[in-house]
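Below you'll find the structures, each written out as structure tokens.
Look for chain A in each of the two complexes below; its partner is chain B in the first and chain C in the second.
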Partner chain A sequence: MKRVVEVLKEKFGNRIQGSHQETVRELQIKIAKEVVIPAARFLVETLEMRFLFLFGSDARNISGCFHLHYVFSYHHVDQFIILIVEVRGEDLTFPSLAPYLPQANWQEREIQDLFGLIAKGHPDPRRLVLHEDWPEGLYPFRKDFIQNKKVPRVNGEYVFDRVEGDGVFEIPVGPVHAGIIEPGHFRFSSAGESILKLEIRHFYTHKGTEKLGEGKDSSHLLCLAERISGDNSVAHATAAAQALETLCGFQIPPRAQFLRVVLLELERIYNHLADVGGVVLDVAFGFGAAQLARVKEQLMRLNERLTGSRLLRGMIVFGGVRNDISDLDKKYLIQEIGKIKVDFDQTIQILWNVSSLMDRIQKTGIIKKEIVEALGGTGPIARASGVDRDFRRDHPYAAYQELLFMVPVFREGDVESRIKVKMQEVYESFKLIYEAVTGMPEGISIVETVPLKPLRSALGYVESPRGECFHWIATDRDGRIARWKIQSPSFANWPLIEYAVLENIVPDFPVINKSMNLSYSGNDR
Partner chain B sequence: MNPIPSVLQVLLVVTVAPSVSWWIKKIKASSQNRVGPTLLQVYSDLGKLFRKGMVISNQASWIFHVMPYILFSAVLVAASMVPIFFKGSLLGFSGDAILFVYLLVLGRFFMALAALDTGTTFGGMGSSREMTLSSLAEPALLLSFFALAYHAGTLSIEGMVSHFGSQSPLQILFFGSLAFGAMLIITLAESGRIPIDNPATHLELTMIHEAMILEYSGRYLALIEWGHQIKQFLFLSLLVNIFFPWGLAEPGAGAALFLGSLFFLIKIFSLAFVIGWIEVHTAKLRLFRVPDLLAIAFVLAVVSLLGQLMIGQ
Partner chain C sequence: MFRILKKNIQVGNATASFEPHHSSASQGFLGAPEIEAAKCTGCGLCVKSCPTDALQVCDDQTKDERKLFLSYGDCIFCSLCEPICPHDAVSFLGKFELASESKEKLTLSFPFCLSECKKDPAFTSQASLPVKTLPTGSQSFSQGNFAPLLSMDEIGSRLKDKVKTLFGRSLHIREVDAGSCNGCELEITNLSNPIYDVERFGIHFVASPRHADMLLVTGPVTRQMELALVKTYAAVAAPKLVLACGSCAIGGGVFNGSYAVVGGVDRSIPVDVYLPGCPPRPEAILYGIFLALGTVASKK
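Our next item is the complex of A and B:
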């Protein structure tokens, strides 16, 4: 990695202001604001690194300026590079990366809304996180904004992109939907039933979770992390716990690593089962949906029996895993997983022979590989479009290094491919659980933790059921949490839906949406 | 002619119609390892809606208010033209098959208008879909009636039922099977069932019939739902009485009427079982595939008619 710094120094001279290895896998490079775009492009285009996400932080009380962090991954050597840019003084602008890397679009707008820094040259600088009823000049993620401050509502109007022409009309859907789902607005422009454009508008459930985490202790933080996205509790908690552990340079016991794999995979299975069932229900094949719901319920009960929580909550803690699995539980787990697998097998075989069902999901909602790459799509959605990425394999964490599994990849990018990826992953997860349970080393599952080190930062990451989930945590002078950034897979994947629905018809939207199954809460935070 | 049995027929339709919906729900539930609702549930649901207050948009015009009554009375008049347990009907006259079709269209026309009336998103979407599909279903229905009428030599439903009642099963199979196929598909479409529409969905974007009545509540909704159940019942009655006319009582026969209605109930619940079976075994069609299915119904009806023209009676 030294080489990367040298190359950058050669290219950008003294505008590379310093670099240091923050954690084992994290190289931080300080860089001048004016060259951050060419440097980012150089890392992506020449060194073939992957741009993951960018975020801001208010470090005015420590170094007198705002920071921007651009996170890249270099998976050949399992390393992360973070470019850090200072935004100082009166000039609160920063150059926009979105024209070159469209995946920075939402992230830069989020920084604009929450920190009041302005992305210069952004192609679409409209509000994103804070809607028009939020007053100008109030930036909630700045340190001087008091969290429980009552904010007056103001009038304002959001302007949607318009498609004009003969017979083109708009269909507004949401934010309040039928059924028990979260709020989000979808604006279709369509001619007849064909969708010409979809614009999504989210962040109705923005709760300022990242800000809430500031100043909290580690157990409280994990509690919050579990509630970011209800059905990805384990993934978020693990990512946050890993960030804390890396920050302290602290190793959890090997048994805990394996236990985390078991929990993460249990979560993946029930999520994927629910997704497949959801797609089947949305095309009105009630029989299949009911059978899959039944299989999922068996899994939830297994979760409850093992951990006391159907959503596997409260198990992941800073320092390991709260409750160990006894030998009796292990036996029960393997036996139940075996039964569930047989059940799942039979159901899938029935489903795959229903031609009317297959007709609905084939060639529906195609997402092209180029779109996924440009917008930074992750998880099963990316893998269904031929993008072969999986953090479990590319940047192994917990005990994944020691376990064997395959990463299913399909190329078509339609609803069927996404379902196939999820189904294959369920089988891999069964295998992983079996391997992890049988190959688990003896020992303790949790150790005493140490207080957080002051003025340090670290990245934690997990391949959640929906894709890559990152938690970045920085501490202040007293070792309390100064900034908590959550990059959820839903935030990365939501923009893809605008492309998935093109060339499709309005009544096929629900099934496309379901096949992606993105979280509103995880997106809005 | 004694009008009492004819009036009884209409009463039977009105009271038994909801139970056919219950029966289909029950079949679906059993395929999903569920118990399903009790028979009383469908009636108490209607009762509940009748008692409940209504929420009506202040943008609604008179069309919104009269639609449920027009729909329900149109369906009720149509019901009085269909023989149920004996070979006769209250308002039967020669040519009533055409009126039957257009009474149902009248209800649908007002429903589509009322859906547009409040100017909501999904209402218009439902109207446009319903009109597109009915423009395909309606000619297919008329043509299958014509095919049957050609064979029966009359355009009255009563006449067709009596005619087919006097035929041997083989003859009905020979002349009627194509028209039966056409009418079965149309029945699925008209009663808003899978694979054309999903009566149980909450996804507004995929709805057809349900999208049009999203704005309705309380008494109006009860009338619409009930009317819809009666309509479904009428289509099923037509199918069983034209194509399986056995066990129908002769007009005026006292004790036979009871036996006739028993036979009728067995027949209609068996046919409803078939509808339920189809619902369990198929997913909903993609909206743009529905015209293909209705085109099949149309072709079946045309072939049925042409076949008879060529073979002669």
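Our next item is the complex of A and C:
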């Protein structure tokens, strides 16, 4: 990794202002603002690193400036590089990366809204997170923003992109939808039945979660993390707990690592099962949907029996896993998983022979590999489009390094591929749970934690059911949480849907949407 | 086709019976905290461990009085308070039928003599505990930004009794997510699975508020969803019922105090029944719906 710094220094000279190994896997490199675009492009284009995400932080009370953090990873080395840029003084602009790396689009707009820093040269600088009735000049993520003062509403207008032409009409949908799903706005432009353009407008459920986490103690932070996206409670809590643990340079007991795998995989199974069931329901195959819903309920009851919570909440704590699993529960778990697997298997066999289902899902909602790469898509969606990537294997955490599993990858990128990826992952998860439960070392599952170290930062990451989920936590001088960044997989994946629906017919939108099953709350936070 | 039939026969009838006041949660479910008054010394340690406003103390030096409040409406059922209590007074026994028509009924208060409390070595003074907002009981909803959009009729006489007789046998519900984490949605969706099969009670989830008799609202009402919620409410034909589902919807839950949330459904529209849980399990939601309909009597 030190090599990277040398290469960068050779190329950019003294505009590389320093480097520092923040944690075992994170190298921070401080660079001057004006070279951020060439440096980022160099890392991606020449050194073949992957750009993951970028975020801001307000460090004015510590170093007198704002910071921007650009996170990169290597494919084949388990290391992360974070470029840090200072935004200082009167000039609150920074060069926009979006024209070169489109996946920076939303992230830069988010920084504009929440920190009031301006992305110079951004192709689409409209508001994103805060809607039009939020007053100008008020930036909630700045440290001098007063959290509990009531913010007045102002008049404002959001301008949608328009497609014009003969016979083109617009269909606005949402924010309140017809089914029991979360709120968000979709605007279709279509000619006849075919969709010419879709523009999504989200952040209706923006709750200021990252800001709420500031100053919280670790157990309360994890309570909040579990509620970023309810069906991904374990994934978010694990990512946050790992960030805290890395920040303290602290290892959790091996047994806890295995227990975390069990919990994470239990969550993956019920999520994927619900997604498959959702698609089946949307194509109106009632039998399949009912069977899958029944199996899902069995899983939720299993969750409850093991952890006391149907969503597996409250288990992941800073320092390990709260409740250990008894031998009795182990036996029960293995037995139940076995039963559920048979049940799932039978249902899937039936589904795959129903032509009315296959008809609707084959070649529907295709996302090309290039689009996924350019927009930074992750998770089952990426794997269904031929991107072979899984953090469990590529950057192993918890006990994944010691377990054997396959990462299913399909090439077509349509609804069918996404369903197939999820189904195969369910089978892998059954296996993983079995292996983790039987191979679990004896010992304690939780250890006494230490107070957070002051002025440190760390990254935690998890391959959640929806894809890569990152939590980045930084502490202030007193060891309190000063910034909590949540990069949820849905935030990375939502822009993909605008491409997935193109040239599909409007009635197929629900199926496509369901096959991606993105979280609105995880995205909006 | 044959396989479908075979599977159907194999599975048989999966639906579980549901009887308010008598149904129990499946094994292991934690449910809501219960404080055993005989064991509790009022030391206040649990208040620190509570991530929301569910547990709090209020001291009155002049009257030598301390009150411990347990508000189910704010509780997120995290069970962090259980291991903290040095006297084993807090337990989680799977209690979930908690829905109630008013917030007052959801708050338990335990009175103590302050000087007695101080004798306990675990005593924690109110000053050293995090600042929380004390339970105020029901709020007036008209504080909302969009209250002018609601007509007087909707705010005033609610014809409640008539509602209940009208909706005796069939009920159409429109679910509105006002910024939830999707945990509550997940459980509401589960109501339609073969185990709970909510349709057998004549309950349907409908797509349009114009067809609905009841709004089932989740989430802390984010600033950016408030207008949509008020508009949806206004679109429901009177008489109508509103159920605030989950601790977020009751008082903001874990998101209380954020710049981006209003902090409870009743700050934007009037609420008939409050339904604690994070998320409430499907049986608890059913109980809440029946309570709103008046088909079950509320518990003491």
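In this section, the second predicted complex is superposed on the first by the 524 of 525 C-alpha atoms of A that agree within 3 Å, B and C clash if a C-alpha of one lies under 4 Å from a C-alpha of the other, contacts with A are read in each partner's own complex, and residues count from 1 in each chain.
Here, contacts are C-beta pairs under 8 Å (C-beta built on N, C-alpha and C of every residue); 3 or more make two chains touch, one makes a residue touch a chain.
Only a predicted model underlies this, so the values are computations on that prediction, with no experimental measurement involved.
After superposition onto chain A, the partners chain B and chain C occupy separate space and fit alongside each other. Contact with neither chain B nor chain C is seen for A:S515 once the two complexes are overlaid on the shared chain. With both structures placed on the common chain, the touch criterion links A:S490 to neither chain B nor chain C. Within the superposed three-chain model, A:N105 lies out of touch with both chain B and chain C [touch as defined at top].
Of the two partner chains placed by the overlay, chain B and chain C both lie in contact with A:R294.
Looking at the shared chain after the overlay, A:E193 reaches chain B, while chain C stays out of its contact range.
When the two complexes are overlaid on their common chain A, residue A:G179 makes contact with chain B and with chain C alike. Touch criterion met: A:A284 reaches chain B, while chain C stays clear of it. Looking at the superposed arrangement, the partner reaching more residues of chain A, out of chain B and chain C, is C. Closest C-alpha contact of chain B with chain C, superposed model: 5 Å.
Residues 178-179, 287, 290-291, 294 of chain A contact both chain B in one complex and chain C in the other. Across the interface of their complex, chain A is touched by residues 3-4, 7-8, 11, 14, 25-30, 49, 51, 76-80, 92, 145, 175-190, 192-196, 205, 207-209, 219-220, 222-225, 228, 232, 253-255, 257-261, 278-279, 281 of chain C. Those residues of chain A that touch chain B in the shared complex are 171-173, 178-179, 192-193, 280, 282-287, 289-291, 294, 354, 356-357, 359-360, 364, 505-510. Listed in rising order, the residues of chain A touching chain C in the complex are 131, 134, 140, 145, 147-149, 151, 153, 175-176, 178-183, 203-209, 211-212, 219-220, 223-224, 227-231, 233, 274, 287, 290-291, 293-294, 296-297, 300-301, 304-311, 313-314, 346-347, 349-350, 353, 519-522. Contacts from chain B toward chain A in the complex involve residues 28, 31-34, 121, 125, 128-129, 194-195, 198, 200-206, 279-289.
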